[in-house]
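The structure is given below, and queries will be raised subsequently.
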Amino acid sequence: MASRLDDFRDYRARMNERIFQIDHLGIKRFFNLDTAAYREGALDPKTKELLGLVASTVLRCDDCIDYHLVQCVDAEWKDEELYDALNVALIVGGSIVIPHLRHAVETIDLLRAERKDSKS
Amino acid sequence: MASRLDDFRDYRARMNERIFQIDHLGIKRFFNLDTAAYREGALDPKTKELLGLVASTVLRCDDCIDYHLVQCVDAEWKDEELYDALNVALIVGGSIVIPHLRHAVETIDLLRAERKDSKS
Amino acid sequence: MASRLDDFRDYRARMNERIFQIDHLGIKRFFNLDTAAYREGALDPKTKELLGLVASTVLRCDDCIDYHLVQCVDAEWKDEELYDALNVALIVGGSIVIPHLRHAVETIDLLRAERKDSKS
Amino acid sequence: MASRLDDFRDYRARMNERIFQIDHLGIKRFFNLDTAAYREGALDPKTKELLGLVASTVLRCDDCIDYHLVQCVDAEWKDEELYDALNVALIVGGSIVIPHLRHAVETIDLLRAERKDSKS
Amino acid sequence: MASRLDDFRDYRARMNERIFQIDHLGIKRFFNLDTAAYREGALDPKTKELLGLVASTVLRCDDCIDYHLVQCVDAEWKDEELYDALNVALIVGGSIVIPHLRHAVETIDLLRAERKDSKS
Amino acid sequence: MASRLDDFRDYRARMNERIFQIDHLGIKRFFNLDTAAYREGALDPKTKELLGLVASTVLRCDDCIDYHLVQCVDAEWKDEELYDALNVALIVGGSIVIPHLRHAVETIDLLRAERKDSKS
């Protein structure tokens, strides 16, 4: 059964491929720079993904939240740690963030369910 | 010689005191909740201050950036780590963040100069 | 026949319940503070819901608009008064608010239709 | 002694006059529409100014906050009512609003001092 | 076969008609002013639509992006020119704009497919 | 006599130099990409600077507005054309943009005065 996460991943992969075809040098370089920003540096990738999650949450972008949550779960952040990071975003961003908090918590649950499925 | 950081700290302390006098229960509780969000939890305070810095930077609030940089330097984040976090904020938030990046880098320099002064 | 408002109410109730289960003290306190902000104080709840509606509209959050419109209709604001408040939000926030104005006007119509149904 | 409010009023008056000289039909019409949005309608001007204050606060614009606070004090909103409205803005907009809350509270104090001076 | 663009156009037309029925003078005047802003002036309408596209993209409003892309394609902007404008929006607005870049590129493809269909 | 534009240019140059010294690869690449976004491409640099101005105005960043106005005047955009672009930004972004419109109009006047001085 396809979840909304599968739809997101399919659409994202398809349109990123389409954007790659467009072959605009500036856009391609920005995509590379975006990927590079989360690589090992003075900070480790795990910490950076959490920064990306909080930035996405206060800026209220569900797709960006989903993307960074996928990365955060891969990087082995635990649920309680993700909730604690989302709490910082909620306090900084206020109640206007709440719909995105609901979305984020649902995404975490979907990601945990996927992990369980893949193990069984 | 008073730096702009001293002015910020004075104004912030004076107006927070004034807001405390106003004695609005909701506002006081929010201030408490805001302080509590950065305390030890599933995440440690040091990590949370970095989250606060990145959230403040993508939301482009110089006063909030200064506040969290003070906390980040106190929490012993190194300059290179702060720059790496600011880079994540720059990529997420785009060139509109650049004036705040300039401000943040200047604040880091001012904070390091203060530390040096207090040791000499 | 379920409207999009029923879907919104179901999803909101379900995910708020899930967030309650998570049992993060900071998040729970913020939810309480959010509820308390619209209770009787120096201003009455009816006025505060209108403030919440305008804040949600200029910040362009459809879920928040729907939530406050439900409360505003319950608080007996008339359609013409809601339109006048939305006009303030439109002037403050500009044409980028228009898609959310469309959404808000549709939600008002759906809420009035619900009231009619429940009376017949 | 000129306060920062006098500076704001002078600059605002001078630049609005300059914008009027520019004589761009669209800009002039927008300014008229902006003024008209706060006039008597389904809602009274007093209520609308409070809506303008909250919208300005969640959108974090100090000049807009000052402008609407001047109007709100003229419309006889009491301090406690203004604080209660600012609390709604704080909850909706989060801690990123705090520097603007400090500014707003200071402006209210300056406006009250002006009133006292003009009576003595 | 109805695309999401047809759904958008239908909903937009229907709700704009509904908003017209509401007959709020301020809202109607704002809609007129909004239309007028893109008419021939010191700048030509073609340039102004591109400005509207970039403004909509950095403010991250998919409906506004779609509306201005329809106008931009009608105004005979070529795909490469639209991509170059979207690149400016991406650099100014950062990676948080990427989901809207995907949406915009898909809309351009849908608009080109419509043009092809109408010619065949 | 040093204008606020000179102060802005000095501070910007000094802090950009400082950021260059920091030598963070991601930040340096972003700065290069930012510069490149306004170079000749499918669109000419003159058009792109106007896009940058409107993006900066709706995102309400005075420093970014000043930077792009300097570039726009260098690119020979006339005052009436700049006002017409600012009108688009005002309509898209609403009255919250007005303080930045005042700032922009003042900057245009300062830039014209500089040009006159340098010719005399």
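Per-chain numbering from 1; labels A, B, C, D, E and F assigned in written order.
Note that a residue touches a chain if its C-beta (ideal position, glycine included) is under 8 Å from a C-beta of that chain, and two chains touch if they have at least 3 such contacts.
This structure is a prediction, so every number in the text was calculated from the model and none was measured.
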Checklist outcome for this item: In contact with chain B and chain D alike are the chains A, C, E, F
Checklist entry - Which chain has its C-alpha centre farthest away from the C-alpha centre of chain E? => result B
Checklist outcome for this item: chain A onto chain E, same sequence, C-alpha superposition: rotation to the nearest 5 degrees is 120
Next on the checklist: Which chain has its C-alpha centroid farthest away from the centroid of chain F?
Outcome noted: C
Checklist outcome for this item: Separation of the C-alpha centres, chain C versus chain F, in whole Å, is 38
Checklist entry - Just how far, in Å, is the C-alpha centre of chain E from the one of chain D? => result 32
Checklist entry - Hey, what residues on chain A touch two or more of the other chains? => result 26, 30, 33-34, 37, 41, 55-56, 58-59, 64, 80, 83-84, 87, 90-93, 95-96
Next on the checklist: Chain contact topology under the given definition, line, ring, star, complete or other?
Outcome noted: complete
Item to check | Of all residues in chain E, those that touch chain B in their complex | outcome: 58, 90-97
Item to check | In the complex with chain E, residue positions of chain F that touch it | outcome: 33-34, 37-38, 41-43, 47-48, 50-52, 54-56, 58-59, 64, 78, 80-81, 83-85, 87-89, 91-93
Checklist entry - Where on chain A does chain E make contact in their complex? => result 11-12, 15-16, 18-19, 22, 24, 26-27, 30-31, 34, 55-56, 59, 61, 63-64
Checklist entry - Which of the residues in chain D come into contact with chain E in the complex? => result 25-26, 29-30, 33, 36-37, 41
Checklist entry - In their complex, what parts of chain B are in touch with chain F? => result 60, 79-80, 83-84, 86-87, 90-91, 95-96, 98-99, 101-102, 105-106, 109
